[in-house]
Amino acid sequence: MQGQNQQQAYDRGITIFSPDGRLYQVEYAREAVKRGTASIGVRTSDGVVLVVDKRIRSPLLEGTSVEKLHKVDNHVGIASAGHVADARQLIDYARRQAQVERLRYGEPIGVEPLTKMVVDNIQQYTQVGGARPFGVALIIGGVEDGEPRLYETDPSGTPYEWKALAVGGNRNDIEDYLKEQYTEEMDLDAGVGLALSALHSVNEGGLQAEGLGVATVDVETEQYRELPVEEVRDHLTEHDLLAEENDESDDPDEE
Amino acid sequence: MQGQNQQQAYDRGITIFSPDGRLYQVEYAREAVKRGTASIGVRTSDGVVLVVDKRIRSPLLEGTSVEKLHKVDNHVGIASAGHVADARQLIDYARRQAQVERLRYGEPIGVEPLTKMVVDNIQQYTQVGGARPFGVALIIGGVEDGEPRLYETDPSGTPYEWKALAVGGNRNDIEDYLKEQYTEEMDLDAGVGLALSALHSVNEGGLQAEGLGVATVDVETEQYRELPVEEVRDHLTEHDLLAEENDESDDPDEE
Amino acid sequence: MQGQNQQQAYDRGITIFSPDGRLYQVEYAREAVKRGTASIGVRTSDGVVLVVDKRIRSPLLEGTSVEKLHKVDNHVGIASAGHVADARQLIDYARRQAQVERLRYGEPIGVEPLTKMVVDNIQQYTQVGGARPFGVALIIGGVEDGEPRLYETDPSGTPYEWKALAVGGNRNDIEDYLKEQYTEEMDLDAGVGLALSALHSVNEGGLQAEGLGVATVDVETEQYRELPVEEVRDHLTEHDLLAEENDESDDPDEE
Amino acid sequence: MQGQNQQQAYDRGITIFSPDGRLYQVEYAREAVKRGTASIGVRTSDGVVLVVDKRIRSPLLEGTSVEKLHKVDNHVGIASAGHVADARQLIDYARRQAQVERLRYGEPIGVEPLTKMVVDNIQQYTQVGGARPFGVALIIGGVEDGEPRLYETDPSGTPYEWKALAVGGNRNDIEDYLKEQYTEEMDLDAGVGLALSALHSVNEGGLQAEGLGVATVDVETEQYRELPVEEVRDHLTEHDLLAEENDESDDPDEE
Amino acid sequence: MQGQNQQQAYDRGITIFSPDGRLYQVEYAREAVKRGTASIGVRTSDGVVLVVDKRIRSPLLEGTSVEKLHKVDNHVGIASAGHVADARQLIDYARRQAQVERLRYGEPIGVEPLTKMVVDNIQQYTQVGGARPFGVALIIGGVEDGEPRLYETDPSGTPYEWKALAVGGNRNDIEDYLKEQYTEEMDLDAGVGLALSALHSVNEGGLQAEGLGVATVDVETEQYRELPVEEVRDHLTEHDLLAEENDESDDPDEE
Amino acid sequence: MQGQNQQQAYDRGITIFSPDGRLYQVEYAREAVKRGTASIGVRTSDGVVLVVDKRIRSPLLEGTSVEKLHKVDNHVGIASAGHVADARQLIDYARRQAQVERLRYGEPIGVEPLTKMVVDNIQQYTQVGGARPFGVALIIGGVEDGEPRLYETDPSGTPYEWKALAVGGNRNDIEDYLKEQYTEEMDLDAGVGLALSALHSVNEGGLQAEGLGVATVDVETEQYRELPVEEVRDHLTEHDLLAEENDESDDPDEE
Amino acid sequence: MQGQNQQQAYDRGITIFSPDGRLYQVEYAREAVKRGTASIGVRTSDGVVLVVDKRIRSPLLEGTSVEKLHKVDNHVGIASAGHVADARQLIDYARRQAQVERLRYGEPIGVEPLTKMVVDNIQQYTQVGGARPFGVALIIGGVEDGEPRLYETDPSGTPYEWKALAVGGNRNDIEDYLKEQYTEEMDLDAGVGLALSALHSVNEGGLQAEGLGVATVDVETEQYRELPVEEVRDHLTEHDLLAEENDESDDPDEE
């Protein structure tokens, strides 16, 4: 509905409204998220699952250094998609908030309050001048009051709670897969399988364990746990998702 | 009266006047409100009713996390329409003002004073440089001195008091419905029915309880109360407003 | 004398001079005043009269919440025209100045000193960068040293003292009516009648009591007093100014 | 020498030099001065005379509220031309300087030092960014060390001392008249006559006492004194300068 | 070498480099200097001479108020050319530096150190944003350690020491005259004669004592001294430089 | 995918998103890195190797002053590519962080924590206005907990861990060479040979010891060590990589 | 490679990257350096030589006031080329750093540490907004630990160490001459001869002692010493480099 020339007029300087009420800088930040590879979250009856597609660009690159999966506190993890350096800032912010909560009240921070602190921080960068929005979406998963919780933050600073979701590239296709296959009764193992299968559905050549990150927070232990590569490979084998070789991305900033 | 090219000249940098005396950034923020789904408020003889259309985009999304209905204090609730992340800032602001009032004077804040604090905050973002206006409209409803009160704030920072109103998408059509059907003597139950019927009048396919939020503040208890989904469904059934499936929105920021 | 293209050059960023020595942002703010409905002030031998046209947009809107008439102190009232949210800021400023005066000197503030404090505040927004001018004109009326006083502030920050005046839409036509009919000897009742008649002269369909605000400050009591709607209706009936139905405005910001 | 398009390039944002070494914003501020009605100063052997043309726009406007003649201290007055709201700021600044001088040294401030404080303040607004120049010229007249002194400040911040001068509209024509008629030996009464005659020379329809302001500071009393309207009328009658009716100005900001 | 359109690109906002390494705002400030009338400095064996062309615009203007010649300390004077209001700021700065030196060390400030403090101040306005350069050149003359010294500051903030120089309008022609006639052995009287003759060489109609300012600092007394108008007239008569009438300038800012 | 004209729109003022979600200023900073000569890092079983191409522009230039190889702490070195002056700032920042760690905890800083401090610093310059990104990439190599570690920082502020990598000019060709030849089992000497051979593969004329910098950190001593020029020449001779003469770069800023 | 129109896009406001990774403002500052006359540095076995071309514009100008050669500390001198007023700031900065070193550690500052402090200062002006880069290059020469050292700083903030170099106009031609003639074994006298001969090679009309500045720092005394004009003339005579008359520069800012 808006031509190219007009769009240019609304994305200079601070983030302002276009005549049809949109914040272009925020929408462009969403494009930065889409340029990254997908991250997936699944909430199951006994915990949450986070799966990230790291898409290792080179055999010389250490896959562990591709930061898409982050432990934020014992009971909370975050999977990100989009601009890596921006994600680092938000993860650091989330960690500090969790620490402050423990120091101040001696209790683990709730997943919902943590999400809301993060989105309020994100919103500031979309309204006050002198900075650009964060080009990243986060999946915040953890256990709060014995219940698994799964949240999304987007570049506008809006929080959403999900049963299962994807952020980053191919989001729509992956969510279609999740909608068809998801049931609330599945256990953690089934959740890992669902997330991997959903990711596989948009990767024609199959998946490699080294190019993936998988983490869980189960309601029993309330502990964030990243699965070792062998375990990931077992899951892939079990669901017949293993591939030979991974494609290389052309866009180094967005993961 | 103003062409496209000219409008572009007035919405860069800070919010300034156009030759015909309009503040375009404020008007564009109003467009952001229109992009959101509707929220409705009705003042009845024994309390106020707030109804919001949450329009759940996906069955995997937790409807409870779509923030359009907010308890601000025991006796005050707010329904929002427009940019969700902006609404969060204003709700937080309103809550802090209500807390300060209780701490300082030991009394619940009045609905009118609360509204005026909020609009003064909004106005600052339309006059001083370095930020954009809030892209959100609020319906502030509650009980003050035993009387039900219902206010609106818009992106310019103007307060209005209403007997019944709608903000967000289809505002005009819903208000036409309200004008025809509203009577001051209706009780709270009738008010809920009117609000749901008005919303139904612009949703061809009917309504779903899960996609709605309904809250009341009655003059007896002076307590904000969100209706459980079953009660909402009962109301829908009673007025024959129930639908099969809800449409999905294309614009995730505005609710 | 100046074409469209040239004007655009002078209204970006801060308020600066055009080649012919005009401040366009200030002139555009005057246009914002003209977009509002009229407010009228009349100084009579025994007090001042303020009349405002609230033009209620909807039967569901509470007319009392349309803020055009404001008590600033016991002995001073202000009628505004233009951008409502801006008017609120100036009214608040005026109230604080009046309070400070009472606290510091134990005396009511003079109408002239109060006016000058307000215009100095307005002027700052026309010279220093980072903000826009106020899009509002005020009529400040009250009693000072036993004498009725009636002042105007405009968006440039210039103060004027008047015998009778109008601000907002149809200003020129209303002032023509006032010039013909005004006499300094008229009493307060005659002043109310003159103001209402002047307003009627530009409203073809006649006036409605609910859509008007009328206030007086008389030299005897030195008390600001808003007339109840019945009294307003009596005045309208007496002068044969009553109408059936009020038009709706299209521009919600400016009243 | 410079076309329209080029001029536009030099008057945005802060005040900067054009290729031919001019400060356009300052020159445009001079245009704002020319848009105002004239003010005249005459230095005589026994005091200074200030005459201002208030040009009352409407019979309903109180002429006394048109601020062009200002008492700054017992022994100093200022006549202004141009943007009224800007003049108010400089007058306030001058008054504060005069008060500080009295408080600090127990002595009346000299006319020349006062002028230099004012022009230094004006200059800052022409060099440092974030503000526009003052659109006003002042005539500062008073007695210093028993001698009458008459100064001008212009929007660039340059001070001049004069025997007789005009600022504002028709400056050149009035100064031509003054050059022909001025003699240093004239007394205060003759000075008032000269100033009024000079103003009359550019007002075809003659002058009205109500539309004028006349003040003197004589070397005997060292007191600023505004002449009552009857005295002004006597002067006009004496010099055969009286008119019937005054024209209305179209430009409310500049007096 | 650079066309008009291109130049415009380099003189907005802060002072920045053009592709060929020039600072246009500084060069335009030099044009402001050229718009002023000339000032001349001559260093002789027994002191320095400063001569300024005040070019009185009107017989009603007090020549003494045209500020081009300034005493900065007992032993230092400054002659300026260009934007008068800017010169005032630099003169004030120089005076404060001289006072500080006396207060701190009980000694008169050297002419060279003073010059360098002034140029460092000037340079800041050419490198840091938010302000424009000073549109003025100064000739700083005085006695330091018993030796006459004569310096120039220009709008870039570069200091030069001269035997004889001119700044302002007709600089090149006057310097050509000085180059031909100057000898280092001339005494103060001869220096005054040379400076006046040089100024006369570019004023076809001859010079008037009232329109000139002449000052000396001799190495004996180390005292700045402005010559009374009679003495200036004697010098003019002696060298046959007297004229009838002085031209009027069209550009009031630059002297 | 984006034309020239459109790109221009996104690289003014602060770093903002383009419609397809890219940060052009960051991508242009990457071009600045590519303009520099290559730097190479290789991780071997017993330490890390850093090799830099200094490309001495002139025989008169001291090769040692071309700063591409930096000791940051006893156990950490950094090789840079891109804008030299920017690299200096980041190196200084890294050194200060390492010192603080030693002072505070009495322990050497880890290579990974150090890298993350550096990238967080880099990220700030890509999000907050008023500055540009750093035009430099770093290879950070060292020993942490007895293990060799090799990291990269890029202008977006993203950290990567590598087995072997190149930054700067010809990065892709050099990495292709590394991918073919690298084995994890190689020792430090083999690592130096690989890095030099990889650099040789993109330098047709061969290499000169004087134009290179080579440093190692071995896991035994945990000491950063720059190889003297003779040792470098020995390595070149051993692998038959020696050349006659080095090309001169045209771009002095980027090394 | 870049057309005129495109370049304009990258040199407004702050210093930012162009699409090909260049900082235009820095490159334009280099042009400012080229507009100045040349300065030359030569490092010999027993000290460093600095030679500057002052190009006296007028016989009335005192050559000693043309600031291109600066003593920074007993053992360090700086020769500059480019924008004189900018050079003054950097020289002052270098002097303060040298003083601080002496006060804090009682030792002379090293030439290399001093250079690095200066370039770090320069770099700040190329990355942080609100200022422009320095339009000047410096040759910093001195003795450190008994060794002669010769450094260059350029407008990007990059440091280089040289055996012999030139900055400013004709840099390339002079460096070609130096490359051919320089040997590391030459003594200080031969170094002065080489520098003067190199300067002569680009000045067709020969050199004049008055238009030159020559300074040395020898390793014996470790003292900066400016050669008196007679000594310079002796050197010129010895190498047959003397000329009749010096050309005048057209660009007063750059020396």
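Per-chain numbering from 1; labels A, B, C, D, E, F and G assigned in written order.
In the analysis below, a contact is a pair of C-beta atoms (placed from the backbone, for glycine too) under 8 Å apart; a residue touches a chain by one contact, two chains touch by 3 or more.
Predicted, not measured: the structure shown is a model, and the values here were computed from it.
J.: If you average the CA atoms of subunit F and of subunit G, how far apart do the two points sit, in angstrom?
T.: For subunit F versus subunit G, the centre distance works out to 30 Å.
J.: Could you work out how far the Cα centre of subunit B sits from that of subunit F, in whole Å?
T.: Here the centre of subunit F sits 55 Å away from the centre of subunit B.
J.: Could you tell me which residues belong to subunit D and also touch two or more other chains?
T.: 12-13, 129-130
J.: Between the chains shown, work out who touches whom and classify the graph as line, ring, star, complete or other.
T.: Topology of the interface graph: a ring, with each chain touching two neighbours.
J.: If you start at subunit A and step next to subunit F, which chains follow, in turn, all the way round the ring?
T.: Once subunit A is placed first and subunit F next, the ring gives A, F, G, E, D, C, B.
J.: Going by the contact rule at the top, pick out the subunit E residues touching subunit D in the complex.
T.: For this pair, the touching residues of subunit E are 4, 7-8, 11-13, 24-25, 28-35, 58-62, 64-67, 83-86, 88-89, 92, 125, 129-135, 252-254.
J.: Can you list the subunit A residues touching subunit B in their complex?
T.: 6, 9-10, 12-23, 26, 116, 119-120, 122-123, 126-130, 151, 154, 156-165, 175, 178-179, 182
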